[in-house]
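Which chain is which? They are A, B, C and D, in the order written, and residues in each are numbered from 1.
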């Protein structure tokens, strides 16, 4: 596969490579790893890419690689650039026949996401969106328990993502991550809500299988001088009548990446948090809370398929990420082989989740700016 | 002291007696323990009250006891009846010269709470309101850390109180607690928000030392047939510019009494939850999270004063409750002795907290019914 | 009831009073609260004892109180002195017709414990030994689960009690608790093993219902200058063939009172630790671990009887202690009333546990001094 | 690199490949993946090995690969076979000029381990032993804190490894892992002590930097019919005078891979457990316990070097394993480049740890069989 972005000076590109390498099922062979040509070349060399496939312009790369003979052709392109450089390379990749893996949020605007969807339908190609948290085995297990009705009709959802790393005016120091993520020209309409609020939103919809229909949001810029929201919360209404609260903040000093979801149904509830990622608490009205654990034999096929090692040996974020890559490549291979993929394989986030994530950004920002409490969630 | 309510068929009355007994500093000697005369008498006998001081009408009790000679006179009256029977006995107790301990919410309406305040000013008597969670040593410690500016200016508050016991239509079974707490004629304007939302609200204001100035709320009746909210959430704005989210629900199936508060300042955050009540997590931007523990010598005088046993031996809800009683009686004794009470003693909730709690109920209900997002929090 | 020891300068006496007061079922009316007459008198006054029942010599107290008319007569005497002043007052109390509550270890030597047992048989009086940890509801629940065979035949027991408070040569500073507890003339043959090892030993035998038959111990004096062991461990063999490991230390710097027990049977295991006292983990070979919680309706009658408040409101050490007092007084009252006590009431530690505890001290010290690995546990 | 063992029917081979792949720094190109030729070939194909480098006899592989031109030559061989097939291939690999990665315990007998050491000295080649737990960042951090004397002189070590998977006679069902691990002809002198006791022992010596000098052990066969110990414990004495307790069991029904270590010094203690692998508790005599977390900037260079992603995104067992591989390959590359490796790179377990692990097996079994309590730990 090939990569756009993710050079030596980036963060998430390296994570993609770790995740992709893990199962030994795909190999990075081409890349435009930075907008800075020097960095692009140096990064490519460091990653042992063949000189002929180290590019300094992704357009050139996509054209040249599209012309490769079939046995050398890239199966997919991973786009790991800042938000404002998602749409163009993705569209061009699709137009050149490449499947696409893309970081969230999928595009800069909702409109672009819809265009990508049309192109995907038109080409029959596949796109995977990196909502990594959906790759955790215990998140899969949570989804299956709810899907099977184990806890009854869903009534309440609490989802939260507190971080603390933007508690100071970090962008003022030139720190790369902080700089683009707080810059409306590079990040989009939303700051914290685009960066981590979308994860929380996606997690809520993924785990419950429900869709948000109404929203009431309040966003804040807490750190002086910042240009985008660094904190916020939203009330949610879901299509089955359930309600929810979503909290995302980047100014919770001392918090790491404490994403957590709780869902309550008529008969019980469940709780998962990334900091104890291999545990799923299942709570009951009238019997002891149960501790589900990654790798244990009682788990669903969805959880087991996404588990690599015996229970008690913790699997982490990279394994969750690798699960996304693995499921995407398994699906692509099935397609190449003309066989039907297992439903465990196709259970990865795609353009629909991308569109809903962009809609979340649009809606949460719009709601925050309005005086009226509830707003329909429009896509 | 004397008690109104709290007979054999009640819940919180027994808790009051456990709390009051603990330190051996006060004794129950008179009571109107139930509206049901038979229960009142049987309960009094069970508690070894002298027959002459077992009453079946609290008005009679207050009059007779007021006429007692000074050495036999009750120092205070504990009112542990359902909400709609708070105001009248409290007012009459004050008029008869008794200090008062009262369950939350302090009255049925905000107006009544204000009248109580006037009467307290007029008589110079004292009132304690049972916001038990403020009696935990680690809650005291949290308050002191914030007061001392250890974490910098406060920016964000998350407070939550999930319960699951009203997940079914329990009031339909005749269960006593569920019946009155979900009945607007006995409980007041709010259900979950009055019962536990007020605790969450009080905890937030107590720990931060801030006051809510604006609110945006959404309340729900989740269980069919219920007459009052059993679930809700509110966005909060505080007088220093900080924001917050308050969540209270009684339909989180599988949850017990999971009250929890998190506060974030410029330099760090703190987290306390009742389920691990002797632990206070103090989080920092740039150094390891610290685990403060009840009883450890590094705690403030406020925490230490409210601790009875060495660290590692857990203190619980009854000790927190007993701390309220102890601080109230220490304050009363100081007054009797004509000495100034320590500031650790007077740190118990009173009529001001009662008024703000009633205002919370009024505001949260009003906000929930409005289409406009933000509403000024009026008292 | 009356008390020997426990004046203003002591630790455990105050705990006894808190525990005894809680349920309002017994009252301290007489006491010899210190060997120091001034402290004894001042302490008595502070506790509102009638002047006539404040004593400075326990022998005088026992004689005078024995002569009281029946309606004023003490039901029992609590002995909360250092170990070397357990036997004499206990024996004299029994000889004067008083039931006895006594701190652990029950006596200074095993031989004395046996003499107490004979006297108890002779008089028909009752003795309760303060192994407080057996008063926790979840410890009761653990015992019942094992007794009912839920986890199959017991195979393995790990019990540990790490403390850190004797990490320095505290007795050199004159600190009262450290001074007598590390003094062989006051504490007995063992230091840490007598002070907390006996608790661990008792907890293991209580929860499993098994008895230790062989032991292999290693005790250490870690802090220079100390006269008794401050650290140690023992391998255990039980009468059903199970084995165990017991660890007790007072030099685990940073630990509080981290007593913990784990028991494994053929089908599963359980884990309880004081620091999370209201939780009992029940683990299974082939299904999720279950979290039992104090107060939940699924618990046994033994756990429920020893619970005061609804689940989620933590109960702590004082409640556990109060459970011992309550069960003892319920048993005494049943006897006075000529009725059979419930089995939940008589489930408190007594002289048998006292004898086994003293035997533990003798055996663990003897084993530690021997070169041979295994030694029969003799009583 | 090449691999011996680890075919489709094995467990740890797949883990090795996941770990090795992760950083994209080494590639599996040759293998004798099973003693069963069919499995060996099928497994090789599945892993995309070139047909010419799929072998069915490791001796043939080592000879043929040794003859490869330098640019195609394997840098090292990973040996992931059962214990009784460690020594021969390792020795032959060294004799053919290959560096070696080997599963623990390093050999079948202590004598063999010593021979490997001699061969390593003779050839100047490198060997890495897979004590995976030493690859966790927080284990590295623990070691550094102790090395720097942060907690003062070490006094006490508790190390434990409870598992439950051998609670039944699993080898009777033909389960592959259970079968060889409980078979003295394949596993060696010890069962649980060889399989997981060695991990606990290594962890204790690695983290403390101390060496065991005396031991007192008790091993048990709990499950009827089993041929090797499935449970045991040992008292330890260390070369600085500290003592310890080591517990390892495979019959703790309901436990997963709950390896845990606690170390106490004069000033404080630390605690790490695999189930919460990214947390290191650092406890103090007189200040709050601190929670060190993987990835936080305050960690030592050793912890940071072994961390891949930002704090709060959990890293797991595979990352710990990959750290071993990465450090080994970084060391090998430094050697090839003629540069000095960083001390963070060479901090992986090697033949010395292998020898001490084999000595542990010999000593723990010998001690268990003796009547005398303490035995010198001989190598």
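Convention: a residue touches a chain if its C-beta (ideal position, glycine included) is under 8 Å from a C-beta of that chain, and two chains touch if they have at least 3 such contacts.
As the structure is a prediction and not an experimental result, all values here were calculated from the model.
Peer 1: Suppose chain centres are the mean of their C-alpha atoms. Which chain sits farthest from chain A?
Peer 2: Ranked by distance of C-alpha centres from chain A, the top chain is C.
Peer 1: If you tally the C-beta contacts, which comes out ahead, A-D or A-C?
Peer 2: Output for the comparison: A-D.
Peer 1: Measuring from the mean C-alpha position of chain A to the mean C-alpha position of chain C, what distance in angstrom results?
Peer 2: So the centre of chain A lies 55 Å away from the centre of chain C.
Peer 1: Averaging only over C-alpha atoms, locate the centres of chain A and chain B and give their separation in whole Å.
Peer 2: One centre to the other, that is 43 Å.
Peer 1: Which whole number of Å gives the spacing of the CA centres of chain A and chain D?
Peer 2: Distance between chain centres: 35 Å.
Peer 1: Got the chain C residues that touch at least 2 other chains?
Peer 2: In chain C, the residues touching two or more other chains are 255, 282, 289, 293.
Peer 1: Help me check something: in the complex, which residues belonging to chain B touch chain D?
Peer 2: Contact set of chain B toward chain D: 282, 286-293, 296-298.
Peer 1: Mind pulling up the chain D residues that touch chain A in the complex?
Peer 2: Counting only chain D, the residues touching chain A are 11, 14-15, 17-18, 21-24, 28, 47-48, 163, 255-258, 274-277, 293, 295, 308-319.
Peer 1: Under the stated contact criterion, what part of chain C meets chain D in this complex?
Peer 2: By the definition above, chain C touches chain D via 151, 155-156, 158, 160, 162, 164, 167-168, 216, 218, 220, 222, 231, 233, 235, 243, 245, 247, 249, 251-255, 262, 264-269, 282-285, 289, 370-374.
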